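Each of the next two complexes has chain A plus one more chain, namely chain B in the first and chain C in the second.
== the complex of A and B ==
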């Protein structure tokens, strides 16, 4: 359309007052599609809600006001015993550290596996190019398994404790990070690797000198993001029986009234920790990727 | 010493190098010319084993180096250095480390990870850099250097390998004329002083005429000329480059300036 405005014959310029103009028609068509899509979406929502409503044990709508009841119960008791909260918060610090430890160890283990899987499945770097699809599918499978499900299976097999939690999170992490690592490695410049290969360097030497310096900022940034996620996962896993702050929270909540000040204390330190980790990891990641731009 | 026998490389149905045969004895300075896509890079990459050959043999000192695998193959690569058009250094590492990469083949992966090098090797790397006139740049990151300096770092890495053959794949194609001359003079000097065999892909005729003892011409993967620079007349060149009567030598020229004073100071 733009060229038309500069055409030598001014008569050929489009008549904007004509409603039949191609652009106007296109806009109308888009509007019709949009309306249809919205209608279909609303219909799906309505039927979906109906299904949920009929299958639910209690009535969803009449249960709705109850949603606020539990937190307000917890909060009012927590407020009444607010003098206990700082002491309780200190009391739960060791559990918090256990949760963070589980997250850190599993992120590291998962990250190492992810790095190996990524290098084995990146074209141009893989030592066994024919096995690239095998390693790719392996990562897909590891990523597809939710960590909570792996944890439940491992608890069943190994019993409770931090080891099944670490294994569960590490397994999911290696698949999730492996894909991201591999994408970063695919964009790496292969000229240094080729130069190193021409001197007779081994695979490990080529990767260490030629690839890792290039991908390190990106990989570290992804690793930090995973650590953030894994802190939450590690806390949740406490609920299904793997120790740490989540387990304390579950006990306190099941106890019911009388322990709600503990729930408040746990919630506060967990919230505070997650905010601190998110903020510092944000800051670190911006620094890492900005540093990469500077060279 | 070096016998290339019916070496072929096919990419799909296309032959990038087709039944190439030639021998080089002693320490010649051989130029390979031909237009883009003639198969020059593929030929050199097969010698260094960066690319596998489809058929044929390359025999060096009685061994078919195309049959080597694993550690033997890497040992061969360390004896047969390669210089690239785009330098192929590790850009974020310092110049001296890049030169030390020439001895990676005899270093363990663990020692590489901790970046520890024997003092004698570090001194040798610095001596080589000094010989090429870039000793002062040793602590700088490779990416901070000009193209001509980076290519000399690449040559230093090749010398660190103490190789029997130096392969150079269009070493001056991305350099300005002045730096091109410094780099070609450096390669020629290494050949003259150390007696190392040099095989260089050159995309320009005048460079080949000026620096080589022998020129091999390639066209569409085949070797169509093999002789001295004197035998490389305009009509022969026209055949190699597949040009018509309007063929003009200056079209394949890097126009290295007659004034060599700059180059001499750089190499002094």
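== the complex of A and C ==
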């Protein structure tokens, strides 16, 4: 009898003598809940938007017509000087390469650190199982720090140039990729590792021969995805800190009228590069994860 | 019995693998060497400002108390960070007539007197400075070690106990202490210097210090308006950053949801609008957050709304793509069942499609909200809103590194808390 004390009271049970009635009532109740939830959520959004608007320099409605003003100003000047644009685009190629190099090097370095961290924090593979939580929390902390913030601090210490940017992006990347890598490694089949262990293979050999061939396609796909993200980040880093195409863009934007053809040229090559990288990495990733023959 | 062709294919495959296992790391290494050369790594080692690193690290965990004498009027001031607003009388500084004695601990003794100043460094000797008529002369055991920098106008000494700087206009001694001083209450608050049990007692049951308001109210007011740390403003900035991420992500989801129906091949039978919608999403995503931010700042001015709109723009493109892919992968049978009852397109979408995809979409939106709390910090730095603005300002002044440390810790905490919360909600959503 005691366990019936918390059972629903008889009145609250749906009246099954009229099933349709009970069903309609249930649906109606569900809809009222849903509508209330949605209404509350929309109200929250509206209030939040209002708060943000009052803290903003310009308000939404008066800014809206201005939205096209700046792009059209830039584009019209760019169009008037369109003869300059190809030359300028070529002129900015070296800084574009610098931005891409920053992204690639930081992805590689971050990827190497991430692989180590992931292997150290994956159950079944970790050489020091007791330390798994330590490495996991380390990855969480590395991931939590925005890369631009790390870069600003490092620029102060190391001076300008691409090195602080690389270090900053690599730090964030090792945390972000480490998590994805360790999730992939957790799903790996441990039988090859056991087989290798039975032949007396050391930890490094077990990982190199037993785990890496299994996770390589997934890891490579994550690495490519991160590279896409890091190209964008390194452009932003240039804008906030220094170096690469972002810095050129900042200079050209701050100069304002008269240099808008440069802005157009930089926009164009940056947009083109990002699209090309996104597309090719999309293609490569499907090939990697679905296999060359089936894809 | 052994198939010869099998052996040869397997061994060539093995050979190829072996080559790959060497070639890929070798290529990566070669690329890194090229990058190191093009980034001028060795030059950076020369340019690195280790003294900056030291200031940064020491500010991170310690604060300094400066004892400053104005050499023109002889006034002595002991204050936190050398800021006259936070002056006090430390017990390791003794002033008698014109002579001030500063005990830096570990046997380090600094004395300011009418002729100048001297600093007794244990194991080295006495550094004596006299400045009659403004000309600084230094008398210290030769040869001068590298931790003493001396010129005609300035003498600086850095030891493990503190820092000592003598210039024509003033002489300053800095002593460092662990911790962030005045973090909770400044000197003008009645709660300054009270221990945690005392504060708890005051907040909960002790008599009111100010009869006009309860103690806990006065306490939170003094904490929030702390003139050194500005906790109120900082917390507001954190809120603003979260607000930007929240508004941007969820508004983008609301906008992208109906649009993604237009871009899904099983929802939109006509090719042209579908293709156009997809290209719009691609364009929005391709144009990158940075460019959207720059365009929006010109139109709406700096502030959190601009930041929210920047996140909204990029995420609309991203959600449009993700949502339409999710819509293409639904189970058509449910839709067919609804269609058989004579439902129109909106009803089919509402009852046949949405219940299937909503948990996946919500979990995607929450995942993006997580990553947007991070990017809102960065976007805030560009558009001038939230904690990103405070952080870049603090970094650019290159002085208040303890503030930078404080903001960094808050950002990490904010991100971890949001990750954790959204992780819980996402697991609930997926399990149902």
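Methods note: the second predicted complex is superposed on the first by the 259 of 295 C-alpha atoms of A that agree within 3 Å, B and C clash if a C-alpha of one lies under 4 Å from a C-alpha of the other, contacts with A are read in each partner's own complex, and residues count from 1 in each chain.
Operating definition for what follows: a residue touches a chain if its C-beta (ideal position, glycine included) is under 8 Å from a C-beta of that chain, and two chains touch if they have at least 3 such contacts.
All figures in this text were calculated on a predicted structure; none of them were measured in a lab.
Looking at the shared chain after the overlay, A:52 reaches chain C, while chain B stays out of its contact range. Of the two partner chains placed around the shared chain by superposition, chain C is the only one that A:236 touches, whereas chain B remains out of contact.
Applying the stated contact rule after C-alpha superposition, one finds that A:271 touches chain C and leaves chain B untouched. Of the two partner chains placed by superposition, only chain C is touched by A:108; chain B is not. When both complexes are overlaid on chain A, the residue A:205 reaches chain B alone and has no touch with chain C.
By the touch criterion defined above, A:66 lies against chain C but remains apart from chain B after alignment on the C-alpha atoms of chain A. For chain A, the partner with contacts to more residues, out of chain B and chain C, is C.
Touch criterion met: A:195 reaches chain B, while chain C stays clear of it. Applying the stated contact rule after C-alpha superposition, one finds that A:133 touches neither chain B nor chain C. Overlaid on A, the two complexes show chain B and chain C touching no common residue of chain A. Considering their complex, residues 41, 45, 48-49, 51-53, 55-60, 63-64, 66-67, 69-71, 98, 101, 104-105, 108-109, 140-141, 143-146, 148-149, 152-153, 156-159, 161-163, 166, 232, 235-236, 239-240, 246, 253, 267, 270-271, 274-275, 278 of chain A touch chain C.
Those residues of chain C lying in contact with chain A across their complex are 28, 31-32, 35, 38-41, 43-44, 47-50, 52-53, 56, 240, 243-244, 246-247, 250-251, 254, 282, 285-291, 294-296, 298-306, 308, 374-375, 377-378, 381-382, 385, 391-392, 395, 398, 404, 408, 411-412, 415-416, 419. Touching chain B in their complex are the following residues of chain A: 191-192, 194-202, 204-205, 208-210, 213-214, 295. Residues 48, 50, 73-78, 81-82, 84, 86-93, 101-105, 107, 109, 112-113, 141, 143, 154, 157, 161 of chain B are the ones that touch chain A when the two sit in their complex.
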